[in-house]
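Multiple structures follow.
In what comes next, subunit A is part of two complexes: it sits with subunit B in the first one and with subunit C in the second one.
Let's look at the complex of A and B:
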């Protein structure tokens, strides 16, 4: 177990470094010195509290979408529609806040909106589980397609009932300051949503590993047939797992709208879902590991944005870094299996020699 | 209506390229979940090749090569390193988005006016295109459209009537048997994925240089996934793929048509844009029986 954990850490760190090196090499095409670029990046990320805190701001929604993927993954189900569930959450958060902000006190609006996004994102996700359970539909396909439907719904609402009063751009009016998520460090953008995300990670860990429900979900993931034999209702679990998964992704919409943007803008955060999957696999599906992996991806995002502000480096460097890191992380899975097999073989040889 | 049907056939072209590619690969047991990335890479490489050389042929060759490279990476990780197909696909798709937009910037900088090429011209077939109605719909298309609708029956024949087809199908149903027959399962799968890459690259390039004449990073917008879905809904059969393609091509044609006439009060544009995706969900639900290749998505590990 000790050796396994060591392998995990070393190979993952190596994967991250290689991913960054590969993206750095791409900078050569632009005639930029990657060493310079990265040193500017690192110094500017830690330059001031605002930028540094932004890492955790960016990590917040990523934790939710990563949890969304990891949770169903434990039941051997693929929810690759976290992006859509996030959009639904964001639309509900914006609509709920705008509707209630002048009627109710701010804190109450926040709580109601949070609950609404949980239910909304959850139901949007549960639909996938429902058709999987009832009609044996392919959840991978349905979740992917539901993202595009959610995108259309968001675009529609931004063009119609949620459109700003000026009616100029496809975005909502700004939310009243009373329904903004409170900042936890003054002078930065770091809001209480980050705490919520960390709590969600811990909560999902407890749910998965310390409760009967979590045990059942994992049992279905290991062997659905055997789980069914032992009296676990797999179909009910599909729906429930997808509800929780969708609710988690929906909460990302809440923290982004009420915590960061304070409005809903068309097409914002288009890669949360994909990055979430990357984080989940980097963390090996472990909810606690997701906290750290999400912070890393947050740092890539902040760093990439800073790089993008430097002369002549496009902001697509962010996707490039994320993509390379993800590919190398997948390769590190292979290296880990290989290392472990070698270890087993050595053990066997030793035993034979004795 | 003639216009709609003609657009249906045309918009079906890349979907059929992708769906047939996916059918062949999935029959060997490989879901090509990198298809969205392959499409995008093909669209980008096709545009770059076509723009820089001034020749669309070069563009399509570049697209094939780009698709081949992406598929090669995907196949290497999934087949030879036994990694997870869904997860690998998602990672590669994200990487491709980054690569395309980054390299596009490297090559073209920030152009003031959008760069364009002249898209593929239609080639009316003599005599046949003069047939009323049908001629306009079927025989006044571009070269790729003719090619793919001819390739569809050919691939059906190959899958079900030749020994290559038998090998392909067996690799997905009973890889052990293929192995015993002395055929390298991994190689069969890898070659099928590479073929899917080449076809997917052409499909992607169809969007950039086959019909729009330009490139943006959201040019594919889930069409790769639609091709992926058509393969599922068409029951892993070229015949089903053609039917599915026509249905989705029609949905796209309606979307294009509705957008061109502006917003109607009754049905918002977004509904038509989302139509192919909604259709996929509805069809996935309503299909009762599937003949999924038995080893779809399962890596083949030889015991030694």
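Let's look at the complex of A and C:
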């Protein structure tokens, strides 16, 4: 166990370092000094609390979309439509807040809006599970296409009933300050949504590993045939798993609209869904691992923005960095298995030689 | 004796956590039939896969005619005249016999007529009844095996390795296969037989290599040994076999399960079961004999509720349960040990404790305040591990890491617990070592003594005869007849399994 933990830490750190080195090489091609760039990056992140806190602000919605992918993945289903579920959540969050903010007290509006996004995102996701269960349609394709439908719904609502009073841009009016998510640290953008996201990660972990429902979902994921043979209704679980998955992604819409943007802007955060898949893979689907992976991605994102402000470095360098880090982290799985196998083999040979 | 045709010297192979082979040395002469005898997991298949180039040995060397050789792929093995027929055939079901045989041996435009003639000639030479134009998917398993053999012959094989070749055959088909082996080796070719069946070994082998735990424990001429010695070498200890003596008459007891005129229509329109009627009494073991794929699985699934009959009824204690689904039937006390535990019976990536929970996850007894009562579950699993002497360090052990026999015991323990009234066993001991087989047989008899009803499906006649009170024979979805087990002989049952009717059998076999 000791050796395993050591492997896990060393290989992951090594993977991140290698990712940075590889992207550093790319900087060299641009004629920039990578050491210089990285040191500016690190100092600017550490220098002021605002930037540092922003890492966790960026990590918040990523945790939700990563959980959305990881949850269905445990049932051996692929939900790659978290982006769409996130948009549905965002539309509901904006609509709910704008509608209720002048009628009810702020805290009550927040709770109601959160519940609405959970239900809305959940139903949007459950539809994918439903057509999978009923017509055996491919959930991969349906979830992917549902994103475009969600995007269209968002555009439609921003041109009609949610359109700002000035009717200039495809966006809503700003939300009243009473329905903003409270800040945790004054002087930063870090809001209570981050706590909500961490709680969601822990909650999903408990659900999956401590309850019979989670047990059944994992059973179906590992071996649907044996689960069915044991009287577990896999189809019902498909719908339920997609409901929970969609609800999780929908919550990202809530934290982004009420916590960061304070309005709904057309097509904002367009890469949350894809990044979520990457984070879930990085964490090997483990909800607790997702917390750390999401923070890493948040850090890369913040770092990318800073680097983009340096002269002559395209901000796309950070996507390259994300890509490299992911490739190396995934490779590290194989390295770990290989190390583990070799260790066992050596032990065996020693035992035989005695 | 001269130089050996092929020789293996000091071969060792390590997988992570397991020694598959350790210092294995033996040779095979030209014209010899060599039997590789051993329990499952003894390393027979691994050593042959090394010879066939599928695995690479960690230590040791291979020799042909006294010269060292390297075999890194099946292609190189074939060039040296080695062919191996795997336990699961490697044929393309959507292709014809001809296409399968020439697969990998042709280039460019195929002259089908020429190949068909060639294959026909080859088949006639060995007395195989085969049409080169038939599609593999339409052929019976026994015939498919002949195609595999022809494929090897077509490649001018001198050393034919067969992995458990008789596992899928009727007794008559197995006899034919033995005939072929004798013909083939009479021409100076060699055959290696991987098997765990002692009877087969004694009837066909010239020399026997006994393997246990990855090592060679015996290299004996057939003429100089007997079944008893071989079985001792194979398991390394004596076994107490269950005998029929500890069984009592049970037929006058009341009926527990009734299957009335059940028909199951497959999607293709072919009935998998045709108008089946069976009764199962309390405290009775009803054996279902037959070559696999004749409707056994459907019969089991009808009883446990996985499929519903197109026609007919199923009654439990007189109550109609035809429409009840799996979960309801589990609650009614019907246990089911499926033939393929890895796909239907357990979840390999979960722990033993979690597998124990599989059929009763809805049951409140495993829950505490909405969460799984892990302590209680682990305790229960630990008790079952002790009761069934499952070799596992703890209830948290992942099922995949267990041996086949221990995995089967996990399923068995769960189903015996679930099946308070009826337990269906579909091939409960297939592929297991003798120690595990013996243990499972004792469990089945113990449950019968408790008054439970047992439906035992098996293709091993010895198992059917050793355990059953009555025996029904299934052929192409129909019951060929139900007999008291004393009324049947191996020969008679063999003919029934091959499709002869009750009346016809008495003419043939008297």
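Heads up, the rule we're going with is that the second predicted complex is superposed on the first by the 350 of 354 C-alpha atoms of A that agree within 3 Å, B and C clash if a C-alpha of one lies under 4 Å from a C-alpha of the other, contacts with A are read in each partner's own complex, and residues count from 1 in each chain.
Heads up, the rule we're going with is that contacts are C-beta pairs under 8 Å (C-beta built on N, C-alpha and C of every residue); 3 or more make two chains touch, one makes a residue touch a chain.
What you see is a predicted model, and the numbers here were worked out from it, not measured in a lab.
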item	value
Touching partner for A:349 - first (subunit B), second (subunit C), both, neither	second
Subunit B versus subunit C as contact partner of A:219, first or second or both or neither	second
Partner chain(s) touched by A:229 [first = subunit B, second = subunit C, both, neither]	second
Contacts of A:138 with subunit B and subunit C, given as first, second, both or neither	first
Subunit B versus subunit C as contact partner of A:341, first or second or both or neither	second
Which of subunit B and subunit C A:278 touches, first, second, both or neither	first
Partner touching more residues of subunit A, whether subunit B or subunit C	B
Touching residues (chain side subunit C, partner subunit A) in the complex	14-19, 22, 304, 306, 325-330, 336, 338, 343-350, 354, 357-359, 361-362, 366-367, 370-372
Touch list for subunit A against partner subunit C, complex	206, 210-212, 215-216, 218-219, 222-223, 225-233, 340-342, 344-345, 348-349, 352
Contact set on subunit A toward subunit B in their complex	26, 29-30, 78, 80, 131, 135, 137-138, 140-142, 144-149, 151-153, 155-156, 159-160, 271, 274-275, 277-278, 281, 314, 316-324, 326-327, 329-331, 333-334, 337
Subunit B residues touching subunit A - in the complex, by the definition given at the top	73, 77, 81-84, 86-88, 90-99, 101-103, 105-106, 217, 221-222, 225, 228-229, 232, 268, 270-271, 273-274, 277-278, 280-281, 284-286
